[in-house]
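Dropping the structures in below, format is structure tokens.
What follows is subunit A paired twice: with subunit B in the first complex and subunit C in the second.
This part shows the complex of A and B:
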């Protein structure tokens, strides 16, 4: 994993203050979403929290002694969810699943991968899609189950796959169609 | 009758001469002439829809239909008025004031005398002209214009070292007339000098001046000396001795009555002192005006006088509304007139305060200029609220934070934005701005500086940083950052 290159405005103090003026806030919000997605993709971070005690370098810049407040985190993550690049994992909106690919894009990636292996018509376990030998070296490796399930649900809606409930959660299987 | 055309201030108030003070304003007054009259070029038998202003020097009629332009506004010097009376309303007519005015051959008012060929009647109709006639009669008897001319004449005389004998009743016997003349020429009032000389037995100018300076605040020091035959008032004291009149309930009541009378007298004296003090204040204002005139006249001359101190100069300039609008004088027109006066007064201060002043500052400055005739905050607010109505070049503005300011019509937010933008040059982040930085750079008070910052933030010129060091503002880099990212 190479060094992440921060954008220039990451060292600008106003970047970490939630801007009250609508027009400015929209631009700030766009910059934040872009940074969040880039950062998460680079570091394979799938979950973010609005908890201000979280000291992730994403939300706090020690060198200029600035950190995003809970309100700020919550605002930008909400915007992230609204764009389809995030998913709240709890009802009180504290933890957010980050989808640097949207669920739709993930579905395409999973299906492409299955087709490249000629898995159409056959059944495989869900776990294997993120931990199996065949996914090593692809983007699917290490994918959290929650994200994977979102992608498979999309495929199911498209009629490209079917999820089978196993005896235990680990035993869930999926069958891909042509 | 051809009257003098009036020049009005920008907000439509009549311009007064030195020493002239407004006495009374009466709304809705029509002017009627014998024949026709008015300012030159606008002669009509009747001028309608105006208001009358009585000053110590003139009776003016202001054309309210065309305010703040002068229109047919005109003035009549009181020195030309022979007498005045008010006619109560009767069946066939509205109540009016009738002034008999001396006019010359070419039909212009003149002070009575050789040039006056006849008198012409000027009528003013109003709902209740009584007070106006009364105040005018009083002004006629006080002859303030003569005092002013006498004063200037005396100053001129002193300037050319040719002292003129003052027309005054003879001094009491035993007064050194040479000393008397010397001291009156120095500018001391006549009776004060007479008292000073008699108290010091005409020992010398220095002693007399010493006494005068010591006693100048005494009540009645400028009143003529009573003739020796007159017994001093209030000198008799009742000797307290027992009699049936002071015994019993009746006696107690009588004693109470006596005490009440004594209290009344004390109060009376106190008020007299107060009036005396207010007259002094007026003199102070005049002094300030004179200073201001002098400073203005010197203009760009020499630096040494500059050393007199800009502070001192500013102090003097901030004094000096010679004829403050008061409730007593203006009546129903009070707020409107106050508003006009305030508008005229504020033009200069607004310029020096870059076009915007907080209302409390306006209040303090205005009241200081008015000397003793203070206005209440409510009246000031009412006057400020009337600015749009009288067409003043300024208006009240309420900021989002609730801060009230008077803002000149020349002030523009765009201009402030431009100035602030110049303070935070790009590219990149640039320097930061706090409210106190802005206050220093733009020479505005702190509350207004923070309003400017918030305004510029709203206009997307600045963005904020609410960090551990407090609220700071930077140039708004978000648009260009968004551009470069896209």
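This part shows the complex of A and C:
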């Protein structure tokens, strides 16, 4: 995986305070979103929370004694969702699914994977798409169900796949089409 | 006994004046011719000099700066025209235009971070990295020269001195003396607070507030409300 390289602003104290001037805030927001996506992708983090007691190094830098407040986290995650790179998992908007690939992009990746194995026309379980032997070593490995379902819904809308409800959630299946 | 002015006296006066004027004209003409010859020979010598030291002027930033000083002292601007002999002789124009473009690039690329106010040393570093190791060496003098040419384009290019640092401004706008005072106060630590400002500058709260607001608006300052020492309203000056 290699070491994650933090951007310069991560060691710059004022970036942990929401800036009052609109233009400055937009720049700040853009830099944070870039960092969030890069960090999550690097460390395979799929979920973030606005809870300020969460000590993830992403939102708090011990070395300069600065951390994002709940308001700060909430602001940037909201922006993330607005850009299609995030999805709130609850109505209170506390937990956020991070999509470093948008749902559309994930859909492409899943479909491309299925096509490369010649799975068009056949049925596979949803779980297999993230835990099966065939996905080991690909980006799909370890993908949380929530992200996977978002991608499959996109494929369903495109008419490229169909989701089957199983008796239990584990039994959900998916059929890919040409 | 005083002689009264007679007709002859008047005529003689006119003649004398005429003589003097003629003489004056001749002197002027010789002087002009002499000067023209001097200028011509000066230009010729300068050209000769430039040509024989062409490589040094191009490669050595120190020598280049000296050459520019010499030209400035004699009222010659080697960059004044794109078609002049200097450009043909030295390829100067391209050199500074290229540098100008690189400066603009550097300032634009870092504008998000520094609000359009870039430290001259940082700019120099940025431009050098961009040019790579194979390009001609450049000096601060070259940068300043290129920036002074950029001014022609408008867009508020200027170099401001704050404390011991020189800052290149790439966005329109003037720094007020108040803003300058606050920025130079912040330059050592990189930040200042309303408390520090009040102690150092002895300003009223309203004045401090106004100045800070202006700096924030211009993107030259950022707020940091998590100062561990607990002083509220600490704010930072951005520099790259």
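The rule is short, and it goes like this: the second predicted complex is superposed on the first by the 178 of 178 C-alpha atoms of A that agree within 3 Å, B and C clash if a C-alpha of one lies under 4 Å from a C-alpha of the other, contacts with A are read in each partner's own complex, and residues count from 1 in each chain.
The definition used in the following text is that a residue touches a chain if its C-beta (ideal position, glycine included) is under 8 Å from a C-beta of that chain, and two chains touch if they have at least 3 such contacts.
Note that the structure is predicted; figures quoted are calculated from it, not measured.
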- prompt: For the three-chain model obtained by superposing on subunit A, do subunit B and subunit C clash or fit?
  reply: clash
Message: Going by the contact rule set out at the top, does A:168 touch subunit B (first), subunit C (second), both, or neither?
response: neither
- prompt: If you stack the two complexes on chain A, which partner ends up touching A:34: first (subunit B), second (subunit C), both, or neither?
  reply: first
Message: Just checking: does A:7 make contact with subunit B only, subunit C only, both, or neither of them? Give me first, second, both or neither.
response: first
Message: Is A:21 touching anything from subunit B or subunit C once the two structures are fitted on A? First, second, both or neither.
response: both
Message: Output the subunit A positions appearing in both contact lists, the one against subunit B and the one against subunit C.
response: 8-9, 12-14, 16-17, 19-21, 23-24, 27, 31, 65-66
- request: Sort out for me which residues of subunit C touch subunit A in the complex.
  value: 112-113, 191, 216-217, 219, 222-226, 228, 235-236, 238
Message: List the residues on subunit A that touch subunit C in their complex, please.
response: 8-9, 12-17, 19-21, 23-24, 27, 31, 65-67
Message: For the complex, give me every residue of subunit B touching subunit A.
response: 428-429, 432, 457-458, 460, 463-468, 472, 474, 476-479, 481-482, 485
Message: Show me the residue ranges of subunit A that touch subunit B in the complex, using the header's touch definition.
response: 7-9, 11-14, 16-17, 19-21, 23-24, 27-28, 30-31, 34, 65-66
